[in-house]
Each structure stands twice: as structure tokens, then as C-alpha cells.
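Multiple structures follow.
Next, two complexes with chain A in common: one pairs it with chain B, the other with chain C.
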Partner chain A sequence: METKQVEKPVQLQTSLLGGKLSDESFITLFMVGVLLLVFAIACLVVPNFYKPQNILNLITNNWFVIILGIGVTFVLITGNFDMSVGGNIALTGVLSVYFCQGFNVSQNALANGLGLPYVVAVGLALLCAMGVGAVNAFFIAKLKVPSIIVTLGTMMLARGAAQVITQGAQRNTSLPDAFGFLGSWGIPGTSIRISVLVMIALIIIAFVFEKKTVFARRIYLIGANPEAARLSGINVSKYLTVLYIISALLAGITGILLASEFKAGVSSRAMGYEFDALVIALLGGVSIAGGFGSVLGMFVGAIILSVVTSAATGMLLSPDWQFILKAVVTFIAIVSQRFALERRKG
Partner chain B sequence: MNDKTVGISSEEHITVTNTKKESLRIQLDQSATVRSNIKRYYIYVVLVLIVFVFSVVKLDKFSFSEFFDRGHFLSPDSVINMLRSAVPILTLSGAFTLLMISGYIDLSVGSAMSLSAVVFSLMILNGFSFPFAFIITLTLGIVMGFLNGYLVMKLRITPVIATLVTLSLFKGVALLIVPDGLSAIKGSADKVMPAWINDYARKDVLFGLPWAFWVAVLVIVVLVVVQRRTLLGKYAAAIGGNRLAAELSGINAVRMVWLLYIIVGFFAALAGMARASYMSLGDPLSGDQMELACIIAVLLGGTAFSGGEGSVAKTMVGALIIISVTTGLMTVIPAYWQTVAMGSVLLAAVALNHLLVRDKVKA
Partner chain C sequence: MKSTENVLEIRNLVKDFPGVRAVNDVSFDIKRNTIHCLVGENGAGKSTLIKILTGAYARTSGRILLNGEEYNSHNTRDAKQKGISTLFQELNVVDQLTVEENLTLGMEDTTFGFLRKTDKINKMIGVLNSIEPSIKPNQLVSSLSVAKKQIVEIAKAVAAESDIIIMDEPTAAISESEIGRLFKIIKGLRDNNVTVIYISHRLDEIFELGDYVTVMRDGKHIETKPVSEIQDRSELIKMMIGKTVFEQYTPREEDCPDTILEVKHLSNHRLNDISFDIHEGEIAGFYGLVGAGKTELARAIYGVDEYEGDIMFKGKKLQLAPDKAIAAGIALVPEERRSQGLFTILTIRGNVPVMNMKKISRNGFINDATERNVTLEYVDKLKIATNSIEKEASKLSGGNQQKVVLSKCLFADADLLMLDEPTRGIDVGAKSEIYSLIRRLSKEGKTIIIFSSELPEVMNICDSIYLLYDGSLKSTLRNSCDVDSENILHIVTGGE
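Let's look at the complex of A and B:
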């Protein structure tokens, strides 16, 4: 199904040291240019768009998609999809609520939980999230089933489990006081909350991981040519397993932070986030066909999407436009990036 | 081979080894036949089992006479209801199978259905005649399929990504068409939805079943014939088996797969109209997760993930399994179990498919 149609040579040397710009850095720079262009247009069309507070919001309001994007980017580089992240967020959020709700405190079934301490609840919820990732990995790495089919299945499984636990609604009562802390505490006087700090930390870790570790370089090799990677002694299924579990863990962290922010476990939380995470990765130049892309590019892509959607809101377009906008932006990004790469090679 | 040259000195030896080989071959044949028989018939067994379980689970005491009584799973009313609600997936999953046999996928079918439903009911609401609205919507389906084919085959964007993009696009257009403040295209105080919008998918024409069902049956028959008896079906399998080899032997893969995408779009529009007529409104979310239902039906039907082999007829059995499970579960557990049930069925289908289809390919 995932036919490798576009072959792009992969440059394995780290760019800045070698003096010559790698294709990945080139695309990232290209998308930074696009970002500036889109931002300039938005400033012209939408009043007050250029204000520092708005620019800060463009980054801080999208922390959840960016965290998801990290995992999805690495999975995409190996040539696979992870569509289960949205469902996983809902599941982890609901579980973190369920585990720490008071035990047998009310007549209402939705107010009763397991009564565990919040820290334990978070730990268990994250374990469950990683379990979803492990199921993905089992089907994809061991049974060699196309990732899109498996992760759509686990998406339904995770969201379905969240719906069962909340009986199709949400759980938000009899929570311990500690529950709201993670999602609401912020640096006083700013709009920067813990979740944003987590996002920044994860981006830095992912960036170093991508540039400096052998593990990351091998991910690129797997994406470029899985067969060659296998023959050169790389345990492909081990790498896929680790990446899917990491992606699921990141989704779990997002789910816990979101549940804490809203002080509720909602089964319909994060509907469609898997698509947003895929879109920002594609906007950032990650290519499914041939081990190509970078975390930094994904970050730039996230800001582009954020500029486009918030400019659309600023122009008072109906929220229904977001689907069309995302489709058009992604399409233009894929085509223009390919065009730019082809021009670069002459 | 070796036995014959080496063992030439003794005739007896030859005959012995030959009989040994013969019996071994028969054994191999038998195990291969058993396996291919399992592969061939398991889907029917699964369907019968599921229907049996749901028929029995609500009985107070076990008696066959109650099986078809009013209020039970296999009562005539219940079966007719299930078949009527199965119309969209029966209409669509045949074409979807052909596309998957050729090794490609279309995740936008659900959104294409929704958009068709919205456009169709909008036209009916604004006084268009049925045939006119019908033909325009089918044309829309062809255009949507053409667009998918263009992105995948001409611009060579990975099928999953290209059709996810059009999924978002079609869904966005459908949501935009529906006026602000309404959840669907439906009759209001100043504009009344004509009652005959229901006729296509609800009015009894034969054996208690409506036009939409008989159209779906016709579609299935045509697609089974297309898959088994025409060049398009053979080419689809050839492209799915090995696209390069197919192209080298003179098949225009780009044009063939493009055509398949158009066919899928066409039937998505047909399915969307059946859904709109059934609900007598145009819901922009009515086709959501249809792509998953199609994938489940196709995988249950034994079509290989990577394409190359598969059967339209068996996909239909897969579709009936999905309808039985969703309808049957509604009678035993609360509605919020539905998603988790579908997800489990999908993963079970994947695992079953892996066990049976993969093994056969290796053997």
C-alpha cells in the first residue's frame, strides 16, 4: 500500500559541520521563508497580528500538537504512520482521572474511581499509553501489517476504551487537589505554563537526539531503505517498537497535561489531533518516502499551521474552514517542497 | 530427481522412494488443501457463528422455534432493517476492494460520502427533481475520485497522505455547505424537505427492501463480474502483485488505478445518497469512519494488505459481519461500547488476515 514512489537521496552527514547544507536543513530554511511570508500576509490582513503577545500565543497555544509531532515525525521518517495518538490522549486523560478519583465516594458511577495518589495514577496512565504503543509495534514490526491500518484500529480501541470508562461522557468530580496543578501552574505574569515548558524541553531533547545519536541516524536509514537497513545488521523491529512506544508516551504526557488543565477526563478530547500532528510534520518537510525530515522542520511547520489557522480565526472565518485550510496548506507544502528539492538538484 | 539417478542399481529402491515421495506429496497436498479450504470458507463460518451468537444471547430458553420470532435478531423485521442500514457499505466496499487489490487505498471515502449526502439533500431541499440531483451527485463522485487519482497517480503523493488531505478537504466543504447553526441539511420552517427523499432508501419495492438495496445488489453483481471476468479486474490484481512487472507487460498502471479511484468516488457518491435518503437529511458527518468499515470488510474478506489478491464477493460477507456485529451489540451492551467493539473487530480482522492470507502466500 505504501508504495515508495518518490526516491530522494538521503544525506547522512550532519550539515553544519560538513559546511554544505543538507537537504533537510535546506527544506527547513525553505519553510522558515514560507513562515515569514505567511506571517507577513497575516499581519497585513489581520489587525494586531504582529503584537508580541500574539506571536507568543502562536507557539504556546499549540504545545500539544508539537509534542505529538515529535513522536509522529520520527515514526514518519521510518516510513510509517501513527494515527493512534489522538485516541491515546483521550484514553490517558480519562485513565489519569479514573485512577485518582475517590474510591466508593458517591452513588454516581462516574464519580467513583480507584482512589490512588495522583503520582501513581499518572504513572499507571502513562504505562497504559505505552501499552497502546506496544500493541501498534507488535502488529507493525512483528506481523508486518501496514501501519495506517493498525494505528487506525488502535485509535478506535483507545478512544473506545475512553468512552467505556466515561460511559460516553466525561469524569470530572471527586478529584484530589493535586490534579489541576500540572495543567494550570505557570510562570507568574506570563502565559507560559508547565505544558509549554515540557514542550520546549522535549523539542530540545528531540533535536539533540536527532543530530547526535547513532540511534537517530539508523532511523533515517530504516526509512530510506528498510531492507538495506536489515541487511546491514539493524534490528528494524526493535527500532520500530521503541519509536512507537515513544510516540505513545508523548501522547500520554499530552493527555495527562490536557486532563489536568481542564480538570476532567473527556472521551472526545483530541479528536483529529492525529491529523494535525501529521500535517505539521509534512509541512516541516518530513517525507514518508525515504527517511527524510527533521524535528526542527516539524516545529516550523507547527508554527506555519498555527499562523494560518489563527489568521483565519482573526478574519472571522467560520471554524469549518479549518479542514479546507489544512488540506490546501498540506497539499501546497508537499508539492512546493518537492519542487524546491528538484530545482536544488538541478 | 536424485533418487532416480543414484538408485538406478535397484529397481525396488526406486519404487520405494517413489512411493515415499508420492505419499509425502499427497500429505503436503492435503495440508495445503486443508489450509486453503480454511482460508476459503472461514469467513462464512465467522458470519454464521456471529449470527448464531446474537440470535441465542437474548433467548430465555434455548429453542430453535423462537429464532425467527418478533423482536429477535433473525426476525424478518430485524433482518430487513439490518439490510437497509447495510446499503452504504454494501454499495461502497466492492469498489474499495478492487482498489485495495491493486495495492492502493482511499481514506477519503467517508468524507466523499458525507459531501455527496449534503449536496444531494441540498438539491432536493431546493426543489430539484430526483433524477437530476441523482446524476449531479454521481458526477460529483466522479470528480472527487478523479481528484484522488490525480494526486496519487499523477503527482505521485503517497496514497495515504493524498487521501487524508482530500478527506479533510471534502469534510471541510461539506461542513461549509451546511448553514451556520444547523447540524445538517434538513427541512425548516420556510423550506420543507420533500417527503419523497425517503423513497429511495426506505420505500418497500421487493421483499420489504427499498430501491437502494437492489441497486447495491446490482452493483455487487457487476463488480464481482468485473473482478473475475474483465481485464480491469485482472489488471488490478497484476498491479497489486507487482506494479513494475505489470507496467513492463504493457499495462498502463497510472490509467488503471486512476480509473479505480474514479470508480470508488462514484460509488461513494451512490452510498452517500442512500445514507441521505435513509436519514432524510444531509449530515456532514454521516460518512465518518466509513473508510474503517470498508477496510475491516476488505480484510475480513481475505484481501491481502499489499494487494495482488482478493475477492469482491467475500468483502460483502465481511460487510455483513460488520453490520451483524454493530446491530447485535446494540441489543446487548450500551452504545458507548460501539467504538471499542469496532476497533477490536478491526484488529481481529488484521490478525486473522495475517494468519490465513500470509501463510498461504508463503506456502
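Let's look at the complex of A and C:
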């Protein structure tokens, strides 16, 4: 690709460069402040909360929702939703089991699979996950059906398919030895497993992608004004299609890793994860109207939620009350963040 | 108290925003039952003044007397109750509701939350009927033209027994024939004891309509005087900006022989068998009233809307997709600046390079320095007034927003630039800058097509003029110093 350097203007008007923080960085920093505050409170009320091992756990225990959050964040930035990721995790996990379970090895239907090698099973399962994304994209980008409707539909479709394959329960027998490796191997002596490394790698890639690439810039343009984006020569449906397939692929990867970790394909796995992913993105400052937000913000949002959940457990709060605590903190954080942004914009 | 001569007296009014005094010690009177025009360039302080009157902004200091009494309003509803109604540019009607529902919107009578039909509704319908009998109360507002929607709003203001009705550029989006009818209505309002504050960038309207005119510049009050005491437009323009700006059309020295765009038998739901050729390097102008098919024609060429027939650009058939049109070398400045041209929530830097990302990137990765330099270059070239390229586009004035959209299209490096209503709703100064830019681009060899519903615009800069009426191309003429504008108006209003 030939890139021509554009001539610099004769007098560099550096004063016009405006060294001020972008609104996205401002929100991310604001949420880092919120995180520190929540963390400080947690340290005061929960014994040993400040210990390095606990801090590490805050990140490593949430790898799955962070991976989902990446796809969901980019889809949100285009002004759309992806509610199908939770169902897609269950489907992919179940399929990865079914594809590599022994062929005709048992009287029990739930113990029989296709007998494929594990690597092939994973590849096929990921393809199916992307298929769900392609279905989303077809209805949203081509037929212009509102994304919330389409993805709520595919969410149930994917989970329904997982239930049919597991007869409403799970598949966990006659698995090859390799099956448990991805989910259980970790750096010895730490809580860092492959899944966490995958999450870290994906976050770094997503961060660079978001800040540096033309593709990501166009995602923001589509979210900021889809009509102007189209008239500016952006093939909006192409971009939406790619994003929905990427979001589905990330859900698929999560599904494979979770199935491996539990050595089982469970049809009820990841129930409600689509909402967790949405909540952390919003906590991180992503605008529900599109055109605004960042992966780093989403990451900070995930840690905030993790601190609250973990502190609630540490305070021996009954799980019944944890939801309300999470709801209150999330609500206050998002409202204060919007308020701060309004004030800044004046 | 309604006997005072002045319905509104403004005394030493000041409004400060951080870093800028938008209204600076403004004092003038508005006489009862007159049409009082308010003119000035964008940023002159008109809008701020109006927003103080309607209660959208709180003043910093100064006094306003309405009917001789201290006036202060907290919001538009409050202002309306005190006697000042406003017709904003963005009309305050709900498309999905009927005319009747719109009339009573926000002031419905209810019993336990259920709507009740009352005399109020009948009165409003009566008012509407007396202004414009062709609008039926049970009609959906979405089926009305912009002009008729305005009439619905005017009826609402009249029924509220307003002393003053403020109209912010009511003619910006309506056709010439509808303008005539609107003017009749405005004059009727004056004769029925309503004072109209009229804001417009179209100076001719002021001579046709106004009793008094107030000129503002840089937040200051320059002059208030009877329109009859003003000699001509150039005197008004001089007051607004201090110098005369309009250049007259100068005929092109040499012909443009090469055809760049051929349109053959183009038809779609709004267009009817249109054929023409555009030559390389010329400035072509499509003139017609609103609804004549200008925008539809631009959108068809740009590959946005489907059509039958052939459109050939540089000898090749154009495909039906804007990204393909841009790749072929066509760029469009769309009709609706904010909804179709601009990414308002993004910065100037986020807007300018979007139509030619290849030029600021390598292998799909953006070069930040190149991006900034490109933006600086256009801010400089088009004189976009801003203190930073990181400023949100929504915070710029209309003229500067249009310059950002223009920058975006210029950066696309197109050979054919299509401009749909390029100067709608922007001030005289920015308008003249855009005209000289268009001339300069044409000298550089670019082909330009302007789609406009302002005849002076087309007559000032276009080499050839195409007249559209009701989706058909009615006539083509070469511009010259003695083009018969009456004949043009005759044709575009449906005359043979």
C-alpha cells in the first residue's frame, strides 16, 4: 500500500494541537479513581484484602467476562448490542465436548460423541460459534433488524441447541486426555492459567487495535453517525459483520476454555454473562448510544465489579445480598461517571 | 399595561461564557406590532440573545422589560406563558402524532391522566383553520411539508396569545412558493397584534418583510433602524461585516470540452428520465425548489439510492455504493450537515481525514502525526475558527461545521465534488469564503456540481445552470451576465 506523506503546514500551529486529555481517557482515569476508592473501602472492611495474591485473583478470576467484554465493547461502540455471547459460550463448550467424545462407546447417549481429535473438535466448535455471529450479522447488517432483538434471539437459540445436545444437562464422560489441558495448565505456583494469558494477550491486542488501526477508527465513526459513515464511504454492513463474528469468536474461545477447565460441556454454563459483559463495558464508560468508549475502560470496569463481588464474599455477605450490593455500586458508578463527563463537556 | 409603545426593551444585556462575552452590553427596543428583523453573522450573538429571551440561558447582567415590566424566564414553557413563543429551526413537532395532538402537546387537559377534549382544542383548530385551511386536524404531521409544520407551530403560538413570536430562520428549509405564503401569514400576525422577531440570513427577506432591523456583530448591538431607511443589501452587509463581499459571476474564459459525467435516462421514485453531461473542470448548478429532486439526483449519482438508467463517470459505469463512488473519484457534501455530513460527537481531527484513511495510514495503522498535520492543514486552508483540533465538532458554529464537512470531502481527493445546499444556514462571511473556495477548486481542475435552492448562489458561481421541477430536468442554460432570473423562477415553479 503506497502511503504518501502529506506536506506539513508551513507554520506549525502547535497551539491548535490541544494537549488536553481525550474524553475517553478522562473517563478511564475517572473510573481508575473509582476503582481505587472502592478498593480502599474493601481493604478497610475485609481482612487481608490488600494482599498481592488477592489483588492478582481480582484480575485472574474474571478472565472470561473480560474476554467477552472486548467484543461487546466494540459492538457497543458501533451503537449495537451483542446479547448472544452467554448462550454462545454454552453452545461452543458443549460442542467441543460432543465432537471429541468417543464414537459409539457407551449405552448412554450422553457419553457418545463424534470421536474427532481434540484439535479438530476445537476448530469445529469455534467455527460454529462464528456461525452464530454470522447469523447475528446477517439479520443486523443486511436486514437491518435491531441488534437487541436479533441477539436476544440467537442467545436463546444457542442455549437451546446446547440443551438439546446435552438433553438439558451436561456431557462429561469419555473425553480424550488432552481435553482438560487448556483450562487447567498454569504458571506453577500462581493462579495464572492459560485462560488468563489468553485474556492478557487479547486485551493488549484490542488496545493497540483500538488506538491505532483504521478499522477501529471506522467502528467509532459508524457509532457516532451511521448515515454520515455510509456517505463517507464506509461499508457499514461489512464492518458490523466482521465485528459480530469477532465477538462470537471471543465467546467461542471462552466456551472452549471453560469446558476444558471443568472437563464438561454444561448447557447452563455462562448464564447471564452477556449482562456482566454489558455492565463492565458501561462501567468502563462505553456509551450505550455508540461512538464512545474504550477497551481499557471496560477492563477497569471489570476490576471494579470484581472488587465489589470479592469484597462482598469477604464480608461473608450472603450471595442473595451480593446482587443488590453490585447493583448499587454499578448504578452509582455509572451515574457519577456520566455526571463527570457532562460537567467536563460543560 | 399593553399600551406602551415598545413591547420589549432590552437594556445593557450581557451574557458571558467561559472565555467569551457572547452578548456585550446590548440595548435596543422592539416596537409593538411590528416585524423586527435580527441580522448578523454566525457568532454575532443573535442566537444567544434569543436563548436568553426564551429562557434557555440565564443572562449575566442587564434588564429586559416586556410590556414595561421586568421580564425573566426560566424555560421555553415559562417564556410562552409570559407571552414569548419561539419557532426554532429544529421544529418542535412530533411526526408520529396528528396535527391536533401536536397542537395540544404539553398542555393537554386530562382527567385522572386520561385525555379530555375541551374548548382549548377547538380554539386551536379554529386558529389553525384561519391561517391555513388545508391542514386537517386528524392528519399525521409526518405527511406535512416543513412549511406546513411551521404553520402548525405558528398556530400553537397564536392560540397561546403570545405578544411576541420569535422565528429563527423559518425559510431555511422551505421552498420559494411556500416562503411567499409564510410571509403573508407573518404579515397577518402583525396586523393581529403580534410582534414578530424574525431572524434570517437571507437579506432580501428583510427588505420584503421587515419593519425594523437590528444588526449585531461580535456580540454588540450595531444599529436598529426602520428598514425603509436602509438603501440596499450592501448597506446591510456593510453593517454586518464592515465590507461588501459578494462577487458577481465572471464567465469562464475557455470552454471545458471533455465530458466527465454522463447521466442517461435516470429515473427512480423521485426522478423522471433525466439525462445530461457534465464537463471536466466546470461548475454546474442544479437549481429547483425544495422537492424538485436535487438531493435525490445527488444521491443517485453517489450510489446511495437505487435508480434505473446509466450513470457513467470517466467513461465507466458507476456502481451503487458510496464507497465505490468515492473510490472512482466522487465526493458528496450532503444536504443535512449535522445528520449526514458531520460526526458531531467526534473532534475536528476525528472528522477531517475519514474519507481518505489510506492517506494517513500504513498497512491499516494510523500515523498520528500525519493525521494531525492533515487536520492542521485544512483548519488553516479553510480558516476553520477553533482553538484546538481536539474540539468536538458539535461545539463549532454552523459555518465552521460546514467547513469541516468540506475539508472531509476535499481530503477525499475527488475529481468531482458534489455540494448539496453548501451554504444553507451559514452566515454571509462563511458563505463568501465557500464561494471563493469553489472557484479556486474549479481553477485547480476539479469538476463541481452544486445543488441549491438559492438562485443567487447558482447565478453567482455556476457556469451552467440546470433547472429541475418535480423530478424532471426542465431546462439547461449557460450562465452569463444577463441570465433572466424571472424566466428561471417561472420554469422551476412549473411554468412552461
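What we mean here is this: the second predicted complex is superposed on the first by the 325 of 346 C-alpha atoms of A that agree within 3 Å, B and C clash if a C-alpha of one lies under 4 Å from a C-alpha of the other, contacts with A are read in each partner's own complex, and residues count from 1 in each chain.
Rule of thumb we're sticking to: a residue touches a chain if its C-beta (ideal position, glycine included) is under 8 Å from a C-beta of that chain, and two chains touch if they have at least 3 such contacts.
What you are looking at is a predicted structure, and each value in this text was computed from that prediction instead of being measured.
Asks: Could you tell me if A:70 is touching chain B, chain C, both of them or neither one (first, second, both, neither)?
Replies: neither
Asks: Just checking: does A:199 make contact with chain B only, chain C only, both, or neither of them? Give me first, second, both or neither.
Replies: Once the two structures are laid over each other on A, A:199 reaches no partner at all.
Asks: Just chain B (first), just chain C (second), both, or neither: which does A:275 touch?
Replies: Once the two structures are laid over each other on A, A:275 reaches chain B alone.
Asks: What is the contact status of A:42 with respect to chain B (first) and chain C (second): first, second, both, or neither?
Replies: neither
Asks: Please name the chain, chain B or chain C, that touches the greater number of residues in chain A.
Replies: More residues of chain A are touched by B.
Asks: For A:291 in the superposed arrangement: first (chain B), second (chain C), both or neither?
Replies: In the superposed model, A:291 contacts chain C only, not chain B.
Asks: Applying the document's definition of touch, where does A:221 land relative to chain B and chain C: first, second, both, or neither?
Replies: Touch partner of A:221: chain C, not chain B.
Asks: First (chain B), second (chain C), both or neither: which does A:95 touch?
Replies: neither
Asks: Given the touch rule stated above, what does A:304 touch, chain B (first), chain C (second), both, or neither?
Replies: Neither chain B nor chain C is touched by A:304.
Asks: Common interface residues of chain A with chain B and chain C?
Replies: 1, 3, 5-6
Asks: Quick one: in the complex, what on chain A touches chain C?
Replies: 1, 3-9, 12-13, 15-18, 20, 22, 212-215, 217-218, 220-221, 224-225, 227-235, 291-292, 345-346
Asks: In the complex formed with chain A, which residues of chain B make contact?
Replies: It comes out as residues 100, 103-105, 107, 151, 155-161, 164-166, 168-169, 171-173, 175-176, 178, 180, 243, 289, 292, 295, 299, 305-307, 334-344, 346-347, 350-351, 354.
Asks: Considering only the defined contacts, which chain A positions touch chain B in the complex?
Replies: Going by the criterion above, the answer is residues 1-3, 5-6, 81, 135, 139, 143, 145-146, 148-150, 152-161, 163-164, 166-168, 267, 275, 278, 282, 288-289, 318, 320-328, 330-331, 334-335.
Asks: Going by the contact rule set out above, which residues of chain C touch chain A in the complex?
Replies: On the chain C side, the touching residues are 18, 302, 304, 321-323, 325-327, 332, 334, 339-347, 350, 354-355, 357-367, 370, 372-374, 376-377, 379-380, 386-392, 408, 412.
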